[in-house]
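The two complexes that follow have chain A in common; it is paired with chain B in the first and with chain C in the second.
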Partner chain A sequence: MKRRFSPYYLLFLVGIILIAAVFLKGGKEERENKVVVVVPQDPDYLDPHLAAAAGTYEMMFNVYEGLLKPAPDGSLLPALAERYSVSEDGLTYTFSLRPGVKFHNGKPVTAADVKYSLERLMGTATGQPLSPFFTKVQAVETAGTPGAQKVILRLKAPDAALLSNLTTAMIIPEDYQELNTRPVGTGPFRFVEYRPGQWVVLEKFADYWQEGLPLLDKVEFRIIPDREAALIALKNGTVDIYPRIEPGRITELSEEFYTLQEKQNLVQVLALNLKRAPFNDLRVRQAINYAIDKDELIELAAFGFGTKLGSGFSPAMVEFYETGLEDLYPHNIEKARQLLAEAGYPQGFRAVLSVPSNYAFHVDTAQIIVEQLKKVGIEAGIELVEWAVWLQRIYQGRDYEMTITGLSGKLDPLPVLIRYTSDYANNFFNYENAEYDRLNQLAAAESDRGKRAVLYKKAQRLLAEEAAAVFLMDPHYLVALKKTIAGYRLYPIYVQDMSTVYLTNRGTR
Partner chain B sequence: MKTKVSLSLVIGAALVGCFLLMLVVSFFYTPFAVNEMRSAERFLPPGRPYLLGTDNFGRDIFSRIMKGTQTAFFVGTLSVLFGMALGISLGALGGYFGGWTDRILTQLGTTIQAFPGVLFALMIVAVWGPGTFNTIVALSITAFPGFMRITRSGFIQIKEYSFVEAAQTIGVSPLKIMLRHILPNLLPSLLVAASNGFAGALLAEAGLSYLGLGVQPPEPSWGRMLNEAQGYLLRAPWYSLAPGIVLVLAVLGFNLLSDGLRDLLDPKQ
Partner chain C sequence: MSKMSTVQGRIVTFLLTLWLVSLLTFVVFQVIPGNPAQVILGADALPEQVAALEKELGLDQPLPQRYLHWVGGVLRGEFGHSLRYRQPVRGLMVASLKVTLPVAGLAFVFIVLLGIPLGLTVGKYHLQKRGVMFSVVTQLGTAVPSFWMGILMMLAFAKLFRFFTPGAFVPWEEDWLAALASLIPPALAVALPKVAVLTRYVSTAYVEEKQAEYIRTAYGKGLAEKEVLYTHLLKNILIPVVTVLGLMTGDILGGSIIVEKVFALPGIGRLLVEAISFRDFPLIQGITLYLAGVVVFLNLLVDFLYRMFDPRIRWSR
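Now for the complex of A and B:
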């Protein structure tokens, strides 16, 4: 008997195929090992030696590497250089290159590539340096055998910040001309695509020198300049990580998210023009320090996400931070009034507080400070100035009475503390102190990290005792992430290190 | 002749009256100190004792809105007055004398009117810097061509009337003819335009302050409050709603008043 072909059988077959398709598709989606990070701006240049924007560096940190690399605690890790040694006089640095490191185009990294990269930054061939950090370097030499290559830097004068600066001196392939369109580096991720105003896409570099890293297959930096839109993108799942979320907004996030916070190595400061009365009087400056309640300020302006400061240095750089200064001037209205009276201002005085209008955080801070100063009789009027005007008139021109700004930290204390030395071009505080200058000079020439730390700690204490400014807080850097993402590490500098990030819900296929 | 008091006039006058009352009271009394911050009482929803809730610094929103009335009315009144003074004098000159004077002035007015009002004000503030005084100047400049047109067309029409010709024949000075004989005839339409212009000035001031170019913090202004509130739209909706609704009511009030006045005063109807 011939078997009749049943239409039900066909229907059943179609059903099976559909179900299988859905499962396969679903499985595929879950397997995509990718994270989307929202960033506020386009990269300025993809060429690491031309790029100046912090927003570019935070992305391309995953693509390019230097001889050394910063660690999350601010210390320096060997990267393309496996080891290094410094001569006794601090004038010769010898770097032994890590063997077997490859560029994204498959070529091995050689001493010639390193020499080419450093000389390109120094402007040896063109006479125009691309980086201001290597002016003390006299020459770059290569040495060693093909299996164990060395790069030697010879300096004109000792430069204690050289090692930190080398973390930003990205190593690129020699004579490679397409850096700005097809970047090639040695980092954990290789560059795939950049669409202006939309995204930068990176993918895993399988030959990365650090065993087992990176953990993700793909990283996308989604460019969304508007904070509101960025928050919405996070909420609706378009992006997975939102760095620098505003502290006032995290209560809006649901259970699906968590936040990480860390000091961002920034000194928010109320600068007082020391060349102008009444701020040239130490007692007045101390009175202002006593009058300002930093705890209330952190609560009101930063929703509690901030660390109180006592000097011009952030505790994010643990190694160099002088502790205890944050309690040098505890909030005390009586004491402030008394000091003002001694200085000849028993009724207080009037002053103008200039604030860059594009920083809502500084404008908020200013409003709070105005109220706090009112309690000791100081009538401060806020003047909002545009950023360009602020830079020109206040930062460069030093024409102001009081102002609020944030001074961002680096991996090394030198660029942070040199701001207060009397011959620094943009010492807009107008701070002048021979002892302070001397401490900085000594520290700049000292290559021993421990000894440098002692000198810089003394310098911080001096700034605080002299009340060179009112050092307010280090506002915390907040990152909101989906709960399925782990391994995100915070740095004391502006970077998104995606190499250790991974998804926790993978494997449930 | 029967006077027509329209519903617009009643509602408009009532709203404007409320704001005037709030303005006067705010000089003597606000429920709380305007700029006083209370860290423990931030983002309180409307209720007691904070009628419209508190903002991100724990400041009383209602007190700040009351105080903001001063800013709004100060800027509104002065910019309309200056705009009117400038508009009437230039319009009278052009309309009365005609010829080249008229052509140049009309062109000037048209040129300024060709720019969107707020954009023009923005340009002026960008050049001269922010602040209350510059805001007033900027808004006066954008406001004057409207008044100039009304005055000019009125003058062209009325200078042909026989009572003006009679005055001219007996040798009355042009200035006196303009002020005594022609201008009073235009007052109704100018009043309507002023009320309308006031609404526009309120809106423009709020716009400039919203952009951070008007009144400087911490002094309250409705526009600035909107700017500061936008970051907390979901957390504290009342913070944005309160100044927003107040601004809408004030603009609506002056627009309705101007409509009502036109119905009441227009001789053609």
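Now for the complex of A and C:
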């Protein structure tokens, strides 16, 4: 016979390849002192002064630090500044640098580095500020002796949010040019590698100024945009920590995992375009507020993991939070119908509810809201819009009727409540109220925290009474972790603090 | 027409197609809304920050100028820089093709290795119980889209066997065996529906050819059954097989793009999806150009293969 070749051997071959693959892959157990955190997106910039995306900040929080650093309870901790003092008039801030702090490249942090970093953000040399937060700073000066260095900020006008803004003013080495490819900071972890679409890897910085920290040798942020894939990666052990897991999925997790939850300082809001009829009528807005059952919403969309809101502020920032507003418009269909009738819509009306399609949570919320509005005669049609379109047409262009989004909280009430002031560029609510603007201006200039709180509470009440929007809930931040991981701390801002995280099954602690 | 001019004509068509594709993508993405700078910086960015980034990315330049600039770059072999990743488009594409091409290649191997033998079996037992059973199964297979197959495979591999890890693609330079292993489930997900299609083609061709006169002649010569089948018959089946495989390869590339999303593989499909959602024009242009190029090139290749397998088909003279 010439050819004894049979195509059936091919089948056999495939079988062998598969079996070999299973063997090759199996039995590879690593016992590294390392944690893998799944994140949904790539960083925008590695240079901390250029980065604006929250997804970048949550990772690079471990690499860069400012003069001050946020604590898990939202208060401010001294970081590169050991102490600071503020003058009586609130115009001079003096920071004493912590001695002996080193950058990841081994160089000590000097007052000149701090001055350089702040002036880079302020755009002193270029005329183009990289950050909008330091416009009130007149000058940055250095003082003191090499052993006890000081940095002095002189302000044009008092700025109550300056200290919390300084937590985002990352200190970088003077004249270092490779920040965007090889970041150098002072944080507990140093940058190792970034592969687009794959991962950001960090390793322990041995010379970190906080004694004994960090506890891990390595941290990897694995980029998996697909939530289903991220969940599977957690379940089969590739990933150790899954932040922002969908509340509906946690029942699927086995005994090997646990979850933590906390209010995430986010305001989920149903925005109504106040420049458009019928939303320019207060009675219509109040009617919608009465029509929406927030408790049901939290139960159905967030599986109970949410806190009811009444204004554009989350109780996560308890010091500045005006309580009681969440019950200003209790669920009441009769009242809603009556208000609609008074406004001239006894039969209700039709409206388009535009929702960013990439946020499943907002889409779920929208579907429930549509049902709730139907009961008072309002026929809302859902329009799914791509995120890029949402940002351009709805957020910037303010071309919409109703939309749902989440407004993230900050360490200070100023950037949260400024969103509704009439001259704010991204005030897509089209809310305009002179009294509200005045309260915000007063609060921004007030350096006494107690007095500021009073002003901001008044502002929140005003937003609620004017029904500037329907403030739905603060959906809780939920994180799923392997049981072998401990020390994870929750923050009222978007960060993954890995410095205190450790593995319990290593026995070295 | 001479043989040369036909080849030249094909190359001109090839280039023309690519140019049209690039023009079309460019125009489409100018029409649909979305500002790359705004998407990159997120909702909290202030207009000044967005404007600064727009300027830096060159988005403030007029459209025709941007397109000409891009075409000029391509002619010099440069695809520009990604807006999103701040890296050369070429480097990003090479990195992701290291994932996508092996998946497509592996899928192709699976399709051939599984499809042809299965097709022959179905053909052999045509109209018998076994054959009917097989064709029901393959009918089902053709109806299953690859992304759904992907989800099934992922459940099977990741949950039951804990063998596959989504997003855990091991770089080739680190451990090429592990890299290969991690690509097998997605490749299977792409391949299985196609295997069913190929099986049907092969079995139909088998049944038809079996009645051809040359087969009777071969038997008449006193050749053994196996020899008749595997040397004479198989050769003649190759023409429809090559046609189908050629058509499939474009599909395989498309199929792996969807499957990459399901398996969270950092391949060119995921890169394209990201690029689109960020309105990253240079990257979108680079990838579509590449994909169009591959498909057009494969069609060309199939034409050439015909002529190899069937001496009767010649370049028109």
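Basically, the second predicted complex is superposed on the first by the 476 of 509 C-alpha atoms of A that agree within 3 Å, B and C clash if a C-alpha of one lies under 4 Å from a C-alpha of the other, contacts with A are read in each partner's own complex, and residues count from 1 in each chain.
Keep in mind that, in the parts below, contacts are C-beta pairs under 8 Å (C-beta built on N, C-alpha and C of every residue); 3 or more make two chains touch, one makes a residue touch a chain.
A quick note: this is a predicted structure, and the numbers were derived from the prediction, not measured.
Student: Touching A:368, do we find chain B (first), chain C (second), both, or neither?
Tutor: Only chain B is touched by A:368; chain C is not.
Student: What is the contact status of A:465 with respect to chain B (first) and chain C (second): first, second, both, or neither?
Tutor: neither
Student: Which partner does A:54 reach: the first (chain B), the second (chain C), both, or neither?
Tutor: A:54 sits against chain C, while chain B stays out of touch.
Student: Should A:395 be classified as contacting the first partner (chain B), the second (chain C), both, or neither?
Tutor: second
Student: Regarding the shared-chain residue A:384, is it in contact with chain B (first), chain C (second), both, or neither?
Tutor: In the superposed model, A:384 contacts chain B only, not chain C.
Student: Quick one: classify A:249 as touching chain B (first), chain C (second), both or neither.
Tutor: It touches chain B, and chain C stays clear.
Student: Once chain A of both complexes is superposed, is A:432 in touch with chain B (first), chain C (second), both, or neither?
Tutor: A:432 sits against neither chain B nor chain C.
Student: Just chain B (first), just chain C (second), both, or neither: which does A:237 touch?
Tutor: A:237 sits against chain C, while chain B stays out of touch.
Student: Check chain A for residues that touch chain B in one structure and chain C in the other, and list them.
Tutor: none
Student: Considering the complex alone, what residue numbers of chain A touch chain B?
Tutor: My answer: residues 246, 248-249, 251-252, 296, 299-300, 357, 360, 363-364, 366-368, 370-371, 381-384.
Student: List the residues on chain A that touch chain C in their complex, please.
Tutor: Per the touch definition, chain A meets chain C at residues 1-3, 5-8, 10-11, 13-14, 17-18, 21-22, 24-26, 28, 38, 42, 44-45, 52-55, 128-130, 132, 180, 195-198, 222-226, 228-230, 232-233, 235-239, 358, 386-389, 391-393, 395-396, 405, 407-408, 415, 425-426.
Student: Under the stated contact criterion, what part of chain B meets chain A in this complex?
Tutor: Within the complex, chain B contacts chain A at residues 35-37, 39, 42, 56-58, 130, 212, 216-218, 231-232, 234-235.
Student: Which residues, counting only chain C, touch chain A once they are in their complex?
Tutor: Contact set of chain C toward chain A: 32-36, 38-49, 52, 84-87, 92, 95-96, 110, 112-114, 116-118, 120, 151, 154, 158-159, 161-169, 177-178, 180-182, 184, 224, 226-227, 230-231, 234, 261-264, 266, 270-271, 274, 277-279.
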